[in-house]
Amino acid sequence: MAHLGENRYGKSRVRVMKVVRQATHHAMKEWNVRVLLHGDFESCFTEGDNSMILPTDTMKNTVYWLARESNATTLEEFAIELVDYLLSNNPQVTKASAEVEEKKWDQALIDGAPHATTYKLGGPELQTVEVVRERGDALKITSGIDGLVVLKTTKSAFTGYIKDKLTTLPESTDRIFGTRATAAWEYLHPPDSYETTRSSTLATLLRVFADHDSLSVQHTLYDMGKAVLEAVPEIARITLTMPNLHCLLVDLSRFGQDNPNQIFVPIDEPHGYIEAVIER
Amino acid sequence: MAHLGENRYGKSRVRVMKVVRQATHHAMKEWNVRVLLHGDFESCFTEGDNSMILPTDTMKNTVYWLARESNATTLEEFAIELVDYLLSNNPQVTKASAEVEEKKWDQALIDGAPHATTYKLGGPELQTVEVVRERGDALKITSGIDGLVVLKTTKSAFTGYIKDKLTTLPESTDRIFGTRATAAWEYLHPPDSYETTRSSTLATLLRVFADHDSLSVQHTLYDMGKAVLEAVPEIARITLTMPNLHCLLVDLSRFGQDNPNQIFVPIDEPHGYIEAVIER
Amino acid sequence: MAHLGENRYGKSRVRVMKVVRQATHHAMKEWNVRVLLHGDFESCFTEGDNSMILPTDTMKNTVYWLARESNATTLEEFAIELVDYLLSNNPQVTKASAEVEEKKWDQALIDGAPHATTYKLGGPELQTVEVVRERGDALKITSGIDGLVVLKTTKSAFTGYIKDKLTTLPESTDRIFGTRATAAWEYLHPPDSYETTRSSTLATLLRVFADHDSLSVQHTLYDMGKAVLEAVPEIARITLTMPNLHCLLVDLSRFGQDNPNQIFVPIDEPHGYIEAVIER
Amino acid sequence: MAHLGENRYGKSRVRVMKVVRQATHHAMKEWNVRVLLHGDFESCFTEGDNSMILPTDTMKNTVYWLARESNATTLEEFAIELVDYLLSNNPQVTKASAEVEEKKWDQALIDGAPHATTYKLGGPELQTVEVVRERGDALKITSGIDGLVVLKTTKSAFTGYIKDKLTTLPESTDRIFGTRATAAWEYLHPPDSYETTRSSTLATLLRVFADHDSLSVQHTLYDMGKAVLEAVPEIARITLTMPNLHCLLVDLSRFGQDNPNQIFVPIDEPHGYIEAVIER
């Protein structure tokens, strides 16, 4: 006998752009939103009864409506308002979540100065947030960044690892260390400013990545997370995912050349995958 | 004071192709493998001590070595062997997982008959498996399919849903129902043949999708899952994810035309998202 | 002094789906259309005068309107009608082109039989056409296929090539030959049926690829094209592009294993690139 | 009777990274190279005779070898050396081309200053060059940028266009103007510095895009190109491709809200497509 287990539904990839025309410049944000609802939806699945179903099309409209209504300037605030609106207006919903991604639109630099009304996409990385609330519980807010692509050309070694019959990797005391990092942080308590917290966190991650004497991806990842907890008191824990985007040293001896750590072949696959939570 | 929380590491996107040259034809499989290890890795993170670290490069080699060594003909068997090899040979590892994706290579049809040594990529969908084993525990095996793109032109309605101030969706008694379905099933007990179980499951999913009088995506999803549990006794539960790939009826009245459910605009974003577990 | 050189404009990625509800089944096509116009548009560029500009939004509407109006059942017929409509209704246009891609939607097989109203995406490949007409000239029609992914496990060699100081590739008398083929054919005269011509062409390409004793990608590509010209009299010339999707034989000797042409690593990059026109 | 028409072959997506360890910082470039050869290859196609064939694998090796050998600091210089090497060493080749794409790796900003040995990917855009040489002829060099994503929130109108029975677009005097621009410029004569020419060109394109009172995409595109010809004397002609990435004003009146040009839905498809050459 079949029965319905865990389930949820919602709308993905709802894109919205908001332009706030201020005296000095136009503030512009582009958000990509996903909304998911949990609740009392069993009869819809088992009997085709839609009387408890808020259409996903209406969720999309809710994003547009709220974008106009809201004064939120950060993705965190917008996601919180969205979750609270959905819970308040839908008694059949027991839990709601909103995920928002923000593209890296920077004010374009014209003659060295940020232009008031022109933006340039400044990186592949996305700013992210996930807000979840179970009815009656506190908000769970996880901010993050996705796809921060960085690379250091020195201060990266990997030696002293396990060798077995399948080992072919040579030890290296000076290798390229490239990664497409993802970070996600949770809060001890709501920060004064999500924006300030975000910029401190990103600056810290980048600074430690750059300066660290890396003995492994794990080693650097841990010190990056630890430094964030030291620098940003309102963060409770941070999850870092740092795939190792390998740059292979080319064997040029076949062509009678040396290769003093100069010529590499970057590859996308396979890639190492390292993930850890650093917490207080 | 920072400390290390949950962590894991491994190798992603290890691609391997195996050709078995049989009398009647060449059996060929292309697998994309991800291996992840949990274990006693704290000193690597906190001190840069790699003495407990099996390099991800060696995991890649392990996939190649095992591909040659193994007689596995299904992705499930290969993933099980891989997990067991890693656990057996690495006492520092407490838990290992292997995910394998298999591309849909079909023997090419030449004059109506499958060719013995030529393959054609037959769809975007991937066959998948995830095998996880905690040391000392049983294997957890989840088989699935990812990216099965199907569409029905009739027997799909959506009416009787909640209307509120943000509702603009008109009810429909005959709409297009398109989805890029993902399924993942767990086993009551190991089946006689993973391949037979897989083909029965996929045939059942497709048959119910095609014939169902759908009152909503949820309604069809549930009956698809229920039918799988009825048809395939060794399956314990199935998770189905069926984003609704919308095809919007074009308003042609602006051009003096009618549109009797003929002309649609398919869109990729936004899309509905429906996910549920159906279990015994 | 700057002046305007060649220019064109139009609309890309106009997606439209048409469902024709027939007695026995629902015929369904999904087309992705690009329209481009050449003409007397100089004052728009140099002075911002839009009086000769048909908005690209109207081109999009034209695709929708024509989809309803037309009885075209092939992408070729639809593209021809689109080009002719644009030229006939826009005297300022001197040349128009339409490109149409059709997704490989196949009627889903349920219990071995094609289902009347359910479709499954059956491959990554797209059917394509480009139609161009200069006002007063004949139509130029180029049909094709894009992204046909095929692979053969035998009858492929590569030997006898130039060796120089940078050569490291070993000769091979039995290698994997995989490709993501693109074909584009032009017509001697309009065929009785674009659909029959297309299916004969694709069947011929696939048959020769499968059976050919390949001495190089070039060698097989040429014989594929030659066979099309022999089998399909209305085709004047065919352009084939066949990147070589390499599958590298893994060196397993490092692990004490042999590798009798069984275990390969498929790579996406770098890849060989071979392109040629075969004509009468 | 079939015969071979135009043909060419080569290697695509050869990725190479070069690190030059200087006193003050590490210069790092990541290039993605495509090499194509034309020549006397007929017997390869028609008879499987590979005696005139330089393997594409050797072309890949040539990229690696040259990366070590060369002092080129710009993609233009590297592509020129590559083409000249291939022509000089392969008498069977009548024409060679090299295309190089360079990723936008910027020195990471740490506490406001560029870090000496750490890079961050700073945008989706790629710097590009194509160098072609027919044996005995001069080099043809086309530099460019691909995928420069920019957006302005004001000074963009579109009015006065053709209206017909299929027109539904309302005129706008203040719309969002977003594009993913591609530019490609050819030279009157080799510049003193490809790098300076490139940075002047990009700065000019961005400045005009930002400040222009746009009456259409065409209008802005033309003035961008014209300004480049004025600012950069060594450029002979520039081709600009500026798809119009539409941001649709949301109709919020359905929800009782106004929308004073604040809330938009960005869409990827369909999109306008505008392309023109501006030359002296």
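So that you can tell them apart, the chains are marked A, B, C and D in the order they are listed, and the count of residues begins at 1 in each.
Assume a contact is a pair of C-beta atoms (placed from the backbone, for glycine too) under 8 Å apart; a residue touches a chain by one contact, two chains touch by 3 or more.
It should be emphasised that the depicted structure is a prediction, and the values quoted were computed from it without experimental measurement.
Trainee: Which chains does chain A share as contact partners with chain B?
Mentor: Under the touch definition, chain A and chain B have C, D as mutual neighbours.
Trainee: Tell me which chain's centre, taken as the mean of its C-alpha atoms, is farthest from chain D.
Mentor: B
Trainee: Could you tell me the distance, in whole angstrom, between the mean C-alpha positions of chain C and chain D?
Mentor: Comparing mean C-alpha positions, chain D is 24 Å from chain C.
Trainee: Using Cα averages as centroids, what's the distance between chain A and chain D in whole Å?
Mentor: From the centre of chain A to the centre of chain D is 29 Å.
Trainee: Averaging over Cα atoms per chain, report the distance between chain A and chain C in Å.
Mentor: 37
Trainee: Two-or-more-chain contact residues of chain B, please, as numbers and ranges.
Mentor: Residues 15, 61, 65, 166, 168, 254-255, 268-269 of chain B each touch two or more of the other chains.
Trainee: Chain contact graph: line, ring, star, complete or other?
Mentor: If you draw each chain as a dot and join those that touch, every dot ends up joined to every other.
Trainee: Taking the touch rule as given, give the residues of chain C at its contact with chain A in the complex, in rising order.
Mentor: Interface residues on chain C, with respect to chain A: 165-166, 168, 254-256, 268-269.
Trainee: Mind listing the chain D positions that touch chain C in their complex?
Mentor: Residue positions touching the partner: 1-15, 34, 36, 41, 44-58, 60-62, 65, 89-90, 158-162, 164, 166-169, 214-219, 221-222, 225-226, 229-230, 237, 243-244, 268-280.
Trainee: Quick check: in the complex, which residue numbers of chain D touch chain A?
Mentor: That would be residues 15-21, 26, 28, 30, 61, 64-65, 67-69, 105, 108-111, 115, 117-124, 148-155, 176, 203, 206-207, 209-211, 247, 250, 252, 254-255, 257, 259, 261-267 of chain D.
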